[in-house]
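Per-chain residue numbering starts at 1, and chain names A, B, C and D are given in the order in which the chains are listed.
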C-alpha cells in the first residue's frame, strides 16, 4: 500500500468539497481542530457538519460561515456554557434577517447508533431511547419500529454516512493504520461510515510499531485517504498521554464568542492569519505547550508470542 | 468490590444449573476447555449449549450427555473435519432410538448479532444476511424486517441471553476485571448478554496492572460472578502469547470421536478420572506443554499520562 | 452565604452539592452527567460512596479521577480507570443493558413529575433560548435504574409545563409512568430525588415531587416562590444537616478550587 | 500424480491450489475461508498477490501469517497483523460495509449457477450427512464483492439441485440474481470463479459456470463424469499452466509440509 502522508492543505483541498457532509469526531478527546481550521482557511461552503458535541471547533467553523446545517446531540462548551456563535445562527432573535442554521438533533446514543448503522451498512439501527419524549416530533427521522419477535416497539435511527470523516489520533503509519488509546468516542464508527477519511496524527510511526500491537488499531489504512502529521493538532482539546486540555482556552472562548466582532477577530488572528498548524503552535509558544504536558503513566507491555 | 476468586469446582457448582443455557465462547482462541470438563464431571444435564463453533469441547460435552440442545453457526473440528459425537446425535442413521440433539442454527454473523442484541438489551438485531437461502426456513427465529426508511427488507435475529457465559482470558484481577489480547471473538458480547459470568484466567494480576491499560479491558468485574485461576485451562486450544494450539490433539480427536467406546474411554481418562485442570496439566506433562510455548513478541508500551 | 458549618460559612451551591453527594450513599454504579452532577458524584466518591463505580458517557467505567474532571471527557477519568470502551458499548452494553444504578442529571426545566427539558426555551422551531439538548440524558432517564437530578430552583426552571420533554420522568403521574415503563421494556424506574439549592425532593406514590428536607438558611416561602406550582411539603420535613468541614474542604480545595460550580 | 512441472510430478490437489492462488492476482482484500481457501490464499500472498490484505473472520485484518494457519483462528494470523477487531466489527464494518473484494469459499455441493450447500446432505430435519453449516459463508456470499470457490469435482458435489442453499450464488440465473442483489442492497456481485481439481470455471452472461481452463492431465471426459449436468465448455478452452517449481516448493515446504490439503 503506497504512502498516504500529505499536508493538511492538500488533504482538505482534495477531499473536502463544498456541500459535503463532514464529521470531525472525538468526544472531548482528540478533536480535530487543525483540520477544522484548514476548512475555514480554504473557505469551504454549504457543509453539513455532523458531530455529537459540536464543541468550540464547530462554533468557530460555523462563525466562519462554512456550514448550512448541523447534525448533533449536545450543543455546549463542555464545562463552560453555551456555544454562542452557533446559538446566534439558531435563535430567531439573533438570526434576524440572516440565514438560520438548519439543525437535525439526536441524543448521544442516537448519534452513535447512526454512525454504527452507517459503518455496518444497515438501513437503520434500533435503540431503546426516545420513548415519551418530544425528540421524534422534533426530528421525523427518529422513527418507531416493531420487533418481529413480540408486540414490542422501539425506536430506530437511520445510517449517517459522512462524505468525509476526520479523525485525530496518537499515531499512524504511512498507510494510515491508526492507533488510539484513551477515549475512543465514536471515531471508528464515523470513519467506517464515511466515503473518505482523513487521519491527523501526533506522530508518524513505522508499520512495525502498529503491527506489534494489532489490538490497538482502531482504523485500518484500507479506509484512509490521507495521513497528516500535525503535533498539537487537537489543541485546545487534548491527546491522552501527550497533552492536557487547555481549559483556559475553553473559558476564554466564552466571552470571545459572545461578541461577533471579537469572534471574527479571533479567526483572523488564529486561523486566516496563519498558514497552518505549525504557525499556530509557534504562536502558542513553547512555554504554554510545556504547561500542558502530563506526567508519565505507562501501559506496560503484553506478549503476542511468535508462531512460526 | 470483594474478591471473586474461587475454584472451578465451586464456580460450576454454584453458577451452572441443570437446564441452563450455557455459552462457552472463544473463536479458536481461548476456548474454555477446563470449564467444559468440570461441567461434564459434575454431570450437569439438559443444558442448551450455545457456541458459534461447537469445536471439540462441545463434542466432548455432548458425548458426555450434558446437553439437550445446541445453538451454533459452524459445526466442525477446525482444520481437521467433522464433530463426530455431535453428528451421532443429529444424523438419524446413528441416533437410532436414542434422543436426537435439538439444533438451532445461524450463520456466524447471526450468532454474533444475537449476542450483541442480548448484550445491548435489544429485542432484535438487523443484518444483511440470509437473503435467498434456506436458513430462515430451517430456523423460524430468523425473520424479515422492513426498514422504517425505505421499502428495503433485511433479516433480524433475536437476542441470545445465556444463563451462564464462560470466558477464558489471559488475565484478570480479583474483582474480575478481565483483559484479553489477540482474537476477541464474541466473548465481550456473550458476557454482557449473560445472567452470570465465569472468568477463567491464565494469570491473576494486581488491580494496578489492569488500571495501567484500561483500553485492554474487555469485561468489567461488575458483570463477573467468579474468577477461576487455571493455567493451561484452554488446552488444546491456545492462548495468545502463552501457548500454541495443540494441533496433534485436534487431529487425534477425529479417530477417537468416531468411536463411541473410545470417546467414553477418553472422557474417563481425561475428565472423570481427574479431579481438575491441575491434574490434567500434570498428566499432559511438562515436556509436552513446553513444546507449545511460543517465542516472545512484545506489544510495546504506550503512555496514558498522569493528570492530577 | 446561607449557613454556617462548624463556624464555617458555606454557599447555597455548596450545600446543594454536598446534599446531592450524600444521596449517593450505598449506590454501586453511577452514570455521571456534565456540570453539577460531575462535582457531586466526585464528592460522593471521596466521602459516602468510596466503592461506587463511576461511569462516564465518554466511555469510561471505574474511573478514578485524580482531579475534578474539567469535563466528562477529561483525560484524568481515563488514567487509572478499570475499562475504556467505545461509546456504542457504553450506551448499549452498560446503560441500555441495565447495569447503571443511578443516572445523575442536570436540567433547565423540570415539572412536578420530574420530566426534564434541556433542549429549548420557547418553541422548538424558533427557540427563545437554545439549550444543549439531550446528550445522553434522554436514554439515561429511560434506562438508568434510578435518576437523580441536581439543579437550582427558580420559577423559570420549576415549571408547570416544560417547553420540551427531553428526558421522561414520571410522565403524567406514577401509575401511567409505571405502566409505560414496564410495557416498553425500559430499564429505569424513573426519578428518585431532586436536590436543589434550597432542599431535597423525593417522589411520592403519585409520582409527584415532595420536599423532604430543607437546607439551612432556606425558608418554605423561598421554596414556594421559586416553583411555579403549589408544591407538596412532607409533613415530616426535616432540616438538611449543614456541610461538614471535611465536605467543604474537599469541595473547595480538591474539587472546585476555582469556584466554577460553587460560587 | 497428474502432471509434471519442470520434470516435477504434482498432484491434482496441488494443481487446484496453485490455480486458485493465481486467480487472486490483482485482488486487494480477501476474506479467507477455512480449509482449501486458506492454503490457496496464503500461496497467492507469497506469489501473485504480495500486497493483498488477508481478512480472517476470526477478527483479523492485514494478517501476515509466518506459517500456514492451522485454522482460521490460529495465533500466527494475529502476531504482526495490522488490526485485530471483534467479530461483530469484522462482519459489520468490513464485510457488510463492502470492503472485501474477494470471499474465498469451499463447498460440499454446488449447482450450475454457483449456489452452495455446506449444511446437510439429505433432508434438513433428518440429514443423511450433517455438514458444518454456514459459518460466515452465507454473509460472505452476499456481501463480498466477488466470490471465489475452490472444491474437488465429483458428481456428488457438482449437482443438478443442491439439498440446501446455504450461500446464494447466481440463484436461478444472472438476470434474476442481478435484480435481487441490486434491489436488496447486497454488496456482492456473486460468484466469479470455481477452481477444481480438473479445471477453472468462470460464469458466463447467463450466470452459469463455463469451463475456461483444463488442468494438465485432466480430460473433458473426466470433467463430464464428475458433474451432474451437461456442462458448458468454453470454445476457447485453454490448458492450465502446470505449477512452477517455486509454487510447488512453497506448497510443500512452507504451507503444507504434512500434506494435509495436498494429498
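Here is the rule we go by: a residue touches a chain if its C-beta (ideal position, glycine included) is under 8 Å from a C-beta of that chain, and two chains touch if they have at least 3 such contacts.
Everything numeric in this text was worked out from a predicted model, so none of it was measured.
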item	value
Partner chains shared by chain B and chain D (touch criterion as defined above)	A
Per Cα centroids, the chain farthest from chain A	D
Distance from chain D to chain A - Cα centre to Cα centre, in angstrom	41
Cα-centroid distance, chain C relative to chain D, in whole angstrom	58
Whole-Å separation of chain centres (CA-atom averages), chain A against chain C	28
Residue numbers of chain D (touch at least two other chains)	60, 74-75, 78-80, 84-85, 92, 96, 185, 187
Where chain A touches two or more other chains at once, by residue number	116, 121-123, 127-128, 152, 154, 181-182, 184, 188-189, 212, 215, 240, 244, 294, 297, 304-308
Contact graph of the chains (line, ring, star, complete, other)	other
Complete list of chain pairs which touch one another	A-B, A-C, A-D, B-C, B-D
Contact footprint of chain A on chain C as seen in their complex	34-35, 57-60, 70-75, 78-80, 84-88, 91-92, 95-96, 119, 124, 126-139, 142-143, 164-168, 171, 180, 184-187, 260
Sites on chain A touched by chain B in the complex	121-128, 141, 143-145, 147-150, 152, 154, 156, 158, 170, 181-182, 184, 209, 212-213, 215-216, 240-242, 244, 294-308
Chain A-facing residues of chain D, complex	29, 51, 53, 60-62, 64, 66-67, 74-76, 78-85, 89, 92-93, 96-99, 185, 187
Parts of chain A lying in touch with chain C, wherever the complex brings them together	27-29, 52-53, 72-76, 78-79, 82, 86-87, 90-93, 105-109, 112-113, 116, 127-135, 138, 152-154, 181-186, 188-189, 238, 240, 244-245, 247, 250, 294, 297
Residue ranges of chain A touching chain D (in the complex, touch as defined)	1, 116, 119-123, 177, 188-189, 192, 210-212, 214-215, 217, 220-223, 304-308
